[in-house]
Each structure stands twice: as structure tokens, then as C-alpha cells.
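Some structures to go through are shown next.
Across the two complexes that follow, chain A remains constant while its partner is chain B and subsequently chain C.
And then the complex of A and B:
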């Protein structure tokens, strides 16, 4: 791997995914559950939990990168646009820096809607090769 | 040394850190293995340099690392 190399994977927040998240973490805020409430607040519908994207990112780092012997050192995510049920997201990550001295690799990433390439979340993460 | 000290304070979130030439990880409780990685990455970013794993392993203390930074910058 070298700076500039990029990797991507598709994700969808299905009802099953959202139900699983709610079942595990009990965040039943009406913005995520009540369509009427969400629309009254100016959204198209119930907004998916931002940290579901964090779960997708975990899967991506653990399962989609070409190395498996890794540990996450840090990650930052900024939510830019709301994500709604069943939207197809494309996660793209690009290597920004490699620190050979400590076996660390820094990535920039963005989740974008597959249908129109609008970025819904972006950030960076650093992994270590163990 | 003062710039490296600022990096240590920032990364380790300890305003009381006052590095000397002979400072080592054993002198600073927050300097564990994961923070060691964060420190090296922060230093390499700050000075826009890259160390090898061998160079990092051979530094006996903070002072030697600062000497290594100066040497890298002089060759840039």
C-alpha cells in the first residue's frame, strides 16, 4: 500500500441494520424513530443514527482493506448530510500518509450517496499494522 | 526541544511535561505504547520528516530523538 491508494465498499442502512443498532444501544430518539417528528423538524424522514456509519467504518477497516493484522489507533468522523433508510452509500478511503517508523497508516474517507455522489460524512482514521 | 515538548504536552494532554535531553518513557506515565505511536506520528507530521523503524528503536532518550530531527532537517 502507498499514499494515494484507495479502497471502497457499498453499504445500506436497511431496517434490519437500524433495528439491530437500536436493539443493542437503545437510542430511540424520535428523530430516528418517529417519521412525523422528523418531518416536523425539517427532514425527509427519520434520520439514521450517525454511529451506524461508525459501524460500517469498523467493518470496512477490519474486513475490506487488504491487510487483516491491524488495529485502529484513531478515527474522526464529521456528519455532513442526513442519511435515510435504505439509501445506498459508497465508502471511499484513500491512504494519506504512511508512517513506516511505527507501522501506521493514515486514511481520509468519505461516505457518499451512490445515487448522486453527495457526501454525507467524512473524516480520517489511522490504523496500525500489528 | 521546546517544539517537541509542546507536541508531548498536546498528545499526552499533560501540561506539566518538561522534557530534558535524558527523558525517556519511564519518566512520563502517559507515554505508553499507543501514545508512543501518536507521539512519533505527531513529530513526523510537525517537522515533515520520516524516521525508519530502526532509527526510532535506536533513540535512547528524547534528546537523541531531537538530534535525529535536527539531522533530518539539515539534510532536507
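And then the complex of A and C:
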């Protein structure tokens, strides 16, 4: 792996994923559960939990990179646009820096809607090679 | 809510939570699954997925704050120490800044081990009032 290398994977927040997340973590905030509330607040419908994208990052980092002997040091995410049920998202991550002295690699990433490439969330994460 | 106000909640990554997270997001990286691998890498045992703490933050933000009409703008977390199965964690969050002009509130947070107050993860998140 070297700076500029990029990796991607597709994700969808299906009803099954949303239900699983709610059942696991019990965040039943009305923005995620109540269509009428969400529409009154100006959204198209209930908004998916931002931390579902964190679960996708977990899979991406743990399973989609060319090395398995890694641990996450830090993770930052900005939620740019609401994500709705069943939207197909493309996660793209690019190596920004490699810190050889401490065996760490920093990535920039973005989740885009597959249909129009609009970025819904972006940020960075740093992993350590263990 | 005003700067300095603080909120807290207890969380535990039980076997049920870990299994639920793996079943939902399919991150089966050996650090999370293979005790021998984790010990060879210098850990006491398999390390819990960092993004499980993101699920706890989702619950905390969506359900434990005094207002429900909120959305997460951004979230940053640094993983300071590994978290192991069944450790009792205390999440403490404090309001750092309130940006009235844009209806946003910034919090600092830390997850501590309840038994000895050692911080395992820390960071900040910003929410918007909707």
C-alpha cells in the first residue's frame, strides 16, 4: 500500500440493516422512526442512523483492505447529506499518508450515492499495522 | 443545555452485542474473532470492534440527551486502549460550545472503564437542533 492507492465497496442500508441496528443499539430517536416527524423537519422521510456508516467502515477496514493485521487508531466523519432507506452508497477510500516510523496509515474516505455521485458523508481514519 | 453541562450513560459490550454487530456488518477481522491471533499481537484477547462504540454514541445522542429534535453533524473518535468483552464502560459527554447562529452544539466525550476510570476512547461530536 502506498499514498494514492484507493479502495472501494458498495453498501446499502436495507430495512434489514436498519432494523438490526435499532435492535442492537436501541436508538429509536423519532428522526429515524417517525416519517411524519422527519417530514415536518424538512427531510424526505426517516433518516438513516449515521453510525450505520460506522459499521460499514468497520467492514471496509476489517475485510476490504489488502492486509488483515490492522487496528483502527481514529476515525472522523462529517455527515453532509441525509441518507435514506435503500440508497446504494459507494464508499471510496484513498491512502493519504503512511507513517512508517509508527506503522500507521491514514486514509481519506467518502460515501457517495451511487446514482449521482453526491457525497453524503466524508472523513478520515487512521489504522495501525499490528 | 449550556456549555459545561454533562451527561453520562453506562454501556457493556456483551457477547450478544458483539455477535449482533458481527452478524449485521460482517467484519470478521481476526483481531475480533481469533483469540490466538489477538494474543500473538500483544492483546489480552480478541478486541471489540471500535465502531460498536459508535453504536453506543448513536443511542446516547438519540436517546439520552434532554432533547430529541437533533441530528448528528459530525463525530470524531480516537481509540486509546483496546476494549474487551464484558467490560463495563462509562460514556461521559460534556457540552463544549453552543453555536446559536447555526443551532449547533459541540460535545467532548470519553468512554472510561468503570472499574478504574481508564479512558479507552475519546473524541467529540457536533449535533444540530432540527
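One rule holds in what follows: the second predicted complex is superposed on the first by the 130 of 130 C-alpha atoms of A that agree within 3 Å, B and C clash if a C-alpha of one lies under 4 Å from a C-alpha of the other, contacts with A are read in each partner's own complex, and residues count from 1 in each chain.
FYI, contacts are C-beta pairs under 8 Å (C-beta built on N, C-alpha and C of every residue); 3 or more make two chains touch, one makes a residue touch a chain.
All of these numbers come straight from a predicted model, not from anything done at the bench.
Novice: Answer with first, second, both or neither: which of chain B and chain C does A:69 touch in the superposed model?
Specialist: A:69 contacts chain C only, not chain B.
Novice: A:20 contacts which: chain B (first), chain C (second), both, neither?
Specialist: In the superposition, A:20 touches chain C alone.
Novice: Have a look and say if chain B or chain C is in touch with more residues of chain A.
Specialist: After superposition, C is the partner touching more of chain A.
Novice: Classify the contacts of A:28 with the two partner chains as first (chain B alone), second (chain C alone), both, or neither.
Specialist: second
Novice: Per the contact definition in the header, classify A:50: touching chain B only (first), chain C only (second), both, or neither.
Specialist: Once the two structures are laid over each other on A, A:50 reaches chain C alone.
Novice: After superposition on the shared chain, which partner residues are touched by A:101: those of chain B (first), chain C (second), both, or neither?
Specialist: After superposition on chain A, A:101 lies in contact with chain B alone.
Novice: Check whether A:79 is in contact with chain B, with chain C, with both or with neither, and answer first, second, both or neither.
Specialist: second
Novice: What part of chain A is shared between its chain B contacts and its chain C contacts?
Specialist: Correct list for chain A: 73-74.
Novice: If you look only at chain B, which of its residues touch chain A in the complex?
Specialist: 34, 36-38, 40-41, 44-45, 50-53, 55-56
Novice: Taking the complex as given, what residues does chain A use to touch chain B?
Specialist: 73-74, 97, 99-104, 106, 126, 128
Novice: Give the list of chain C residues in touch with chain A in this complex.
Specialist: 17, 20-21, 23-32, 41-42, 47, 49-51, 54-59, 61-63, 68-79, 82, 123, 130
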